[in-house]
């Protein structure tokens, strides 16, 4: 199967520091591709470059064959790259439904149609309901987002991402701070989503990563030291030394 | 109960406008004049509310667009006057055009930078009109004949009164529409979390620029009205303390509410009147700058949510309603550069 | 209650009735609106004008044209943006009969517009904006001071004819009064055979002059004409001297360059020539008696602003006397002032067709802390009143 | 323009720029470290000028002693003001900071009017700096201006040294680039804030004192300086001392030569410069990219 999102030699320098060094990887439909590494390994910078938040210093990003390296973040989002944030970035003062509807509105903007109520946009509402349903938030959809439990907020974060109907999901530590039960629910959601999405997962919870990932890329100091299926990574001596060895 | 108060909130502004229209003929010339002045300031404040309250952009240079609208009106009218039909679009268009330039540049920055850059660009507009002879220089320039449209002549006190009232209702209505529309929802999202909006696929810069230009055009409308009322304009209209005062109005009324801008314009004008009236505050009136300064500090320190915030605290019923897109606390303007 | 007391009470009541009756026969008080800067930079000027005006009214026994005067004061803050609202307070709220004001030209422009539209009599006791007695001139608008053009034109003539200068540079704050003044100088100077070779501007109220002084030094003109006031005047004159230019290139200006600023300017201003419609050391009986009375009443030395306020009251008195206090008779009121010779401390003057003073402009020389008169620069100078259709 | 005139104009530009730098450096540090936008900063410049007016008769020709005394007074004033007022602003959003410091300007102006009145006052240069020296055949250059330039250069170097070479400077730089980090380092942040604020006030006041004999003192003198300093900070980049220095000099040159070559539009020159910088580097010449 061909890659939906492919990354070649992506590099980012901050002054003299090379945060991401010539990373090459690809994301495929039906696959969860996990990126692991210690703090400061460049994982977040990588996600930020893929989503367009920061520019790449060099290298190339292609979405379904189209070069999007220099495209603006909003353009990439509309082209099908959705992302969630490590720190929850929901709109705390709106309801869960409103959060999703607003995210979905990006695909149906029509800002000049000021005579229409935002809430009356059928396409956005449908996308929002679908995303809420998929994320298991339907019963809580009328609650103000700021009052949701931590786990529900993380689910909402993903739901907002889904509401934009992306093809590629870039998830930055979706399991951070979750309890066991909430983790299970999120992993079930990801398993269900991977059928229709190409997923990049950055996560610190190693048990979860090795359970759910189809492929794993290991980064150290901004560079990729290994890529492969979970079993291969587990057995890779470099990885054991550089990363797992230190932790276990 | 909730429904009644919600309905009331909906129709109260219109009822106020109708009451004002009905009371017009009974007002003394001075009172009518005062009301016109406050209504023009309300339009000006509403236009800034779109930026600060609805989009979270703290502009300290909004008076530039007000002044440009006023100057465009007077310069367009020339010696022989002109028609409202093209002077009004000219005023709003000129203000919007400058807003487009200033917005395009200043929106490249954020937070404290944005505040300083908008202030500096307003000062630049001030200097253009202050230093060059085409706008009459520092003393300003006269409009010898006020704008007309058929039988409607801004020379008439009543046309001024009802014209300005109509413009206020129109501005309020337009902003109310924007608020509930997709544009308004997107602006609210940008105010709360710009990063998330961008990640969702919104062209945030374009939205902010649109808000900036609309706000500029509406400030230009207020400028058109003030020029038509006074018949004379001068660069002081763009002075930076005017930008500061209109910002004060919207926070005094209550940020995040359209009616806050109107309440703030009324309250601020009255506050200044009271503090400088000998009959009310005695010899302190001579030191109105001091008392006004202290009042501003105390007010912002103690009541950051404005008069509406006070009202809300006093009546718990108003708090019962579920927070919606349009019932919002102060914007998260604190952005680390 | 004793009979004694009752009688006293009745007497008091009767007296009170008579008093009221008497009062009712008196014409109502004439409301004079003083719209002047009572705060900010021009505060002192506003106070001087008010003092001068009140001094004249007191000299007349507190009455003008047989009517007692009631004052309504409004602080104009020297802010033209608020001028229309402020003047409307006087016109529409307080229904004043006469407005006196103000110092700032931009504010005066807005006042003239409002006065012209409402027909209220306006006497401008300082602001020199040419437009007030130019395009905005009206039968009910008068000025007791000057137009920006007047002293500047006179200085131009002096520089060209008397001082025989050929090449001059002008420098001013980039604002309306400065432009008008510089244009007046240019007109007078070029008529007298000189030539303005360069016009320099400084953004208002910037006071960083060094770059332009360097330009002046490099251009080596025969004379420099400068228009600044207040802080700018102090600084410019001092900088000019500090740059050593005062030794080689004489500095001229309208009187405002050295009026009220000599304390701060000190030695730098000594010997400078300026022109104005008033001066120290006139030593006419009229001026001396005015100065004595003013100093006695306010414990202050009068200045040109006090004279302008004083003359505003004189002009009002002349008009009111002619109509016996009935200010509603606009045509007669105006005609009386137009005919009058106003006996001012500055010397007698009349008003021209546009209601701007036709007056002698003095040439003055700075001597110590005084602007001593050295002669009359132009006698009976009238403003050209360009644009006035009256 | 001949070479001599050109050089003199350059001297004028540098001197004006350095004076701006003294005011703007305090402003940019307060922005950078405390995150407070302070509209009242121009008032500290005014405070300095009026101090020079009030103190110079007392100190006579002891001008340098007066400067030191003024700096101490201004720093004390800043220290107290931080404690009494500005420390309450840190938790507020920018909008509220703008309005509260705007209110403060009104208060300062009113107090100035009550205490000193609204007249314009000249301030005498000390006797040992009076007079001028010949510069070219016609032009003379005042000694005091040369002194002011030298003083500004010394101060600028001193400030540069303190910020880049001392422990306090290290904390200041760390604070300007990352506020949370300084908290993490266990530095007494409140004391640091108070010191930086007092230093900012002292610098602005010192600029006012040095400028007073050249500019005289007058009401509202703080306002115009404030806006020019905003432009300097925007051009230089918030929190960067080096940026403020470069931007001040740029503004000095643009303003000086703008007056000479484009008299009619000279007021706009620095804003055009700012617009150009915004197009090229919106974060300022020395600002960090966000």
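A, B, C and D are the chain letters, set down in written order, and residue numbers restart from 1 in every chain.
Assume a contact is a pair of C-beta atoms (placed from the backbone, for glycine too) under 8 Å apart; a residue touches a chain by one contact, two chains touch by 3 or more.
Because the structure is predicted, anything quoted here is derived from the model rather than measured.
Asks: Which chain would you call central, comparing Cα centres to the global Cα centre?
Replies: B
Asks: Could you put a whole-Å number on the gap between the CA centroids of chain A and chain D?
Replies: That gives a centre separation of 47 Å.
Asks: Quick one: report the Å distance separating chain B from chain D, using the average Cα coordinate of each chain.
Replies: The separation of the two C-alpha centroids amounts to 33 Å.
Asks: So, what's the distance in Å between the C-alpha centres of chain C and chain B?
Replies: Taking the mean C-alpha position of each chain, the two centres sit 37 Å apart.
Asks: Could you list which residues of chain B touch at least two other chains?
Replies: 127, 130-131, 289
Asks: For chain D, jot down the residues that touch at least 2 other chains.
Replies: Answer for chain D, listing residues that touch two or more other chains: 113, 264, 266-267.
Asks: Spell out all pairs of chains that touch, sorted by label.
Replies: Chain pairs that touch: A-B, B-C, B-D, C-D.
Asks: Flag every residue of chain C that touches chain D in the complex, lowest number first.
Replies: 39-44, 174, 199-203, 205-208, 210-215, 217-218, 220, 230-231, 234-235, 238-239, 242-245, 248, 261, 263-266
Asks: Inside the complex, what are the residues of chain A that reach chain B?
Replies: Going by the criterion above, the answer is residues 51, 53, 72-75, 77-78, 82-83, 85, 89-95, 98, 101-103, 105-119, 121, 142, 144, 160-161, 163-164.
Asks: Inside the complex, what are the residues of chain B that reach chain A?
Replies: 174, 177-178, 180-186, 189, 192-193, 195-204, 207, 210, 322-325, 328-329
Asks: Which residues of chain D touch chain B in the complex?
Replies: 31, 35, 37, 39, 88, 92-96, 98-100, 102-107, 109-111, 113-114, 179, 223, 227, 230-231, 233-234, 238-239, 264-268, 271-272, 274-275, 278-279, 282-284, 287, 290
Asks: For chain B, which residues count as touching chain D in their complex?
Replies: So the residues of chain B touching chain D come out as 52, 58, 60, 105-106, 108-113, 115-117, 119-121, 123-124, 127-128, 130-132, 240, 244, 247-248, 251, 255, 287, 289-290, 292-297, 300-301, 304, 330-337.
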